[in-house]
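What follows is a group of structures, each given as structure tokens.
You will see two complexes here that share subunit A, one where it goes with subunit B and one where it goes with subunit C.
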Partner chain A sequence: MYGLSIFWDYRVILWHGLLINLLVFLLSSCLGLIVGLLACICRLSSLRPVRTLAACYIEVIRSAPELVLLFWIYSVVPVLLSDLLRTHLSFDPIVSATLALGLVSSGYFAETFRAGIQAVPAGHVEAAQALGMTGAAILRRIVLPQAVRLMLPELMSQNIGLLKTTTLVSVITVPDIMYQINLIVQQEMRPLPLYTGTAVAFFVLILILTSLVGRVGLRGA
Partner chain B sequence: MSFWTRTLLADAGPLLHGLYVTLSISLIAFVVAATVGLGICVARSRLPVLTPLFAVYIAFCRNTPIFIQLLWVAYAWYELLGWPKEVYTAAWVALALQSSGYLAETFRAGIDSVPGGQIEAAHALGITPLTTWRRIIAPQMLLTIAPSLMNQLIVIIKCSTLVSVIAVPDLMFQALRLTGIWGDPVPIMSFVAVIFIAVIMALSALSKSLADHTRARLGS
Partner chain C sequence: MNQKAYPAPPAIRVVGMTKYFGTVPVLRGISFELERGKVLSIVGASGSGKSTLLRCLNYLEQPTSGEIWIGGQSMSFGANRNGARHGPPPAQIARIRAEIGMVFQQFNLWPHMTVVQNVMEALLRVRKISAHEARARAERYLAKVDMLDAAGRYPAKLSGGQQQRVAIARALAMEPQIMLFDEATSSLDPELTSEVLDVMRGLATDGMTMVVVTHEMGFARDVSDRVMFLHQGVIEEDGTPATVFSDPRSERCRQFLSKYLG
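On to the complex of A and B.
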């Protein structure tokens, strides 16, 4: 088709760009899951200050627009850290992007974890306690198997959302796929086939992933 | 000059204007998205022939990253259709495009939540379809979907920060511009981040109380 051969001409750098997207996605997803789990544990803690602090963190991080956090971590955090440590620090943009997207998703992950754990009926836990099971055994054998099944579909769709959000990182000069596409647009001056092709490619990719997740979700229910 | 004197004296104007642009683009996009979403939802139930077409439209809006949609509308549409001519228009069109897909599904869920028996009862009583819609379906549907609508407005405001990339002078754009002018990102970026977080937190608190109110009203 006319115009689309341009993608073939630039396949190498486009492929590299896509790999950067996947790298940022994997790193920030891991970070988000770890921080989200910690936030969720603190949120459910029996100590009131810990609980309040975690609730505040989750609320603030969920209210921050992704792009604002991206720019804030990219431009503000290195300056603050440099002042603090009295050295000159600079981060690779990929590190900033991973931190920002990881923190953004941690807020959503924490809420999903909490919803999953709280959806396990209290009676199950009480019954296990009555049977003399230890706290760790209750968590491992009663709560987690049910909770994980409940949160899996939601976690998957949030991860797909995160993959969509990784297209933003080009604004802080991470050489991802959109960065490369924008460079090619400037070089070739042909936005129509390039942006249309990218939109359709992402549409198909995300649609496939969404339907895969839908199938897992049905099986879990 | 300290940050606060500078902000109050020199930058208050651009920042306030930026906030105005952010909110106005978000609101226009929300109203357009709600209208288009409702239109699709009604058309889909009236014209079953077009169902696959609408399904593709909704899937496209929901599954394409907003950043790509924004650049696509701003640069590819212009080359193809000669419209939208201004970045401001492109900004709200792209935001509305994405949300219309989500809102079409929201409206459908809202209409489905009204029991079919009520519509049949209205029909049996000789109430016209328009009156049925206006007096029976719409009030119950709006009550159910009000929290989802608010949530979508919040999503639009969050995504609206992206329009700074196509040079729409929103709050984010002003923050980046002022960072460039004064060469100090720390205060201005933090200040703007706080404004965004405050606006969105206020809206989610409103949305939450709206949801509680709805739940109390519906008694579930």
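On to the complex of A and C.
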């Protein structure tokens, strides 16, 4: 017997841990989508300095490893800000996790938004222009409805990647499922059933989400 | 009989228009006038600048130099403080474009809207009429191109000829002064071109001012009031179909036509 029942014994604590993962996921996804949208709008601006600034931001933030950024935002940024503002600041672990994962995601989301918008055929825009429609109306009525349909599958899979990345946040003391599991492993010295159980829990969660994505994707087609 | 004090301005007036893509000249010194109610066909080899000329008329391409008047309204452009060329303000361009209908080679119907929604869209956003009125007008023009039955269908379910007829209805519904056709039948299978050409013929008979870029020499000869032959960005021949088709002065035009007419 590999004693898989031990995972079941701790289910309440582990469930609360998983909820923390979901919380960080939702918060960082929202942050990433908002910042990513802003970055995409700037990236497509007609003003060259704005375009360049946005392109730099996206390139830099996409290259940042999530783990490094987690530590940096949790440990380094409060120190820098404290010096600057001559006060004592510290970041809540969940806030740091949201910022780190949200900002990295914003880079990926921005590029997905851009690809979706640019995939709308130029001819559709020209037809709207030839009819006398203005830029805002063209974007709202012609480009975005098509672009959103095109970018949904990629956005969904990027969000699933973000959900998996939330398993890193225990390193900055966020009490997520990995944090709880590690504490229990230290006490019980039974890594096999505990880590296996966690992996299975995540697998099931992502399977459910992926099949939901599949259904949304089909309906949108 | 009442005589007007001033004659109506021509539907289109172009003076000295040139267009460069980078350093490549595509249009060189194009000048012509087109009266209201007349049909002008523009023919020429690929790369002669025909489509570019058409697209400059509704400012989808910005001419490098020259002047364009649409119905007496100037699409003027000048130099700003830095000496760089700039076009008319976007609002003015949009206003003039609303008076010019354009039909594209690739139809360019919006796939996420039904046929009737495609035709109604500009009526709602540009003419700003009520939804009820827009639908009535859309259905009227769809009936005119014999596509009313397909009103609730999506463009992807239609044949090329059907899509192009819807595209014509979409442009016509705006009740423009001028209709531009950019190789409207070139993407169609041969058996589908006649249904579109018939619609275009009908418009000409009804007195629409039309500029038609086409390879359909039969249409150019039988329906146009005037034919222009373009070669490497220059108008080499400009006259009635009778003159241009039977006795062109330009040797290149003669060769071009002989290929098409046999």
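Heads up, the rule we're going with is that the second predicted complex is superposed on the first by the 214 of 221 C-alpha atoms of A that agree within 3 Å, B and C clash if a C-alpha of one lies under 4 Å from a C-alpha of the other, contacts with A are read in each partner's own complex, and residues count from 1 in each chain.
By definition in this document, contacts are C-beta pairs under 8 Å (C-beta built on N, C-alpha and C of every residue); 3 or more make two chains touch, one makes a residue touch a chain.
Note that the coordinates shown come from a computational prediction; the quantities given were computed from them, not determined experimentally.
Asks: After superposition on the shared chain, which partner residues are touched by A:Leu131: those of subunit B (first), subunit C (second), both, or neither?
Replies: second
Asks: For the overlaid complexes, name the partner, subunit B or subunit C, with more touching residues on subunit A.
Replies: B
Asks: With the two complexes superposed on chain A, say which partner A:Leu84 touches: subunit B (first), subunit C (second), both, or neither.
Replies: In the superposition, A:Leu84 touches no partner, neither subunit B nor subunit C.
Asks: Scan A:Glu66 for contacts with subunit B and subunit C and give back first, second, both or neither.
Replies: Touch partner of A:Glu66: subunit B, not subunit C.
Asks: Contact-wise, after the overlay, does A:Gly123 reach subunit B, subunit C, both or neither (first, second, both, neither)?
Replies: A:Gly123: touches subunit C, not subunit B.
Asks: In the overlay, answer first, second, both or neither for which of subunit B and subunit C A:Ile142 touches.
Replies: Second partner only, subunit C.
Asks: Just to be sure I follow: which residues of subunit A are touched by subunit B in one complex and then by subunit C in the other one?
Replies: After superposing on chain A, no subunit A residue contacts both subunit B and subunit C.
Asks: What residues on subunit A touch subunit B, complex-wise?
Replies: Counting only subunit A, the residues touching subunit B are 59-60, 62-69, 71-72, 75-76, 79-80, 164-165, 167-168, 171, 178, 182, 185, 191-192, 194-196, 198-199, 202-203, 206-207, 210.
Asks: Okay, in this complex, where on subunit A does subunit C touch?
Replies: 121, 123-124, 126-135, 137, 141-142, 145-146, 149
Asks: Once bound in the complex, which stretches of subunit B touch subunit A?
Replies: 59-60, 63-69, 71-72, 75-76, 78-80, 157-159, 161-162, 164-165, 172, 175-176, 179, 185-186, 189-190, 192-193, 196-197, 200-201, 204
Asks: Under the stated contact criterion, what part of subunit C meets subunit A in this complex?
Replies: 58, 60, 90-91, 94-95, 97-98, 100-102, 104, 106, 108-112, 121-122, 125-126, 167, 170-171, 174
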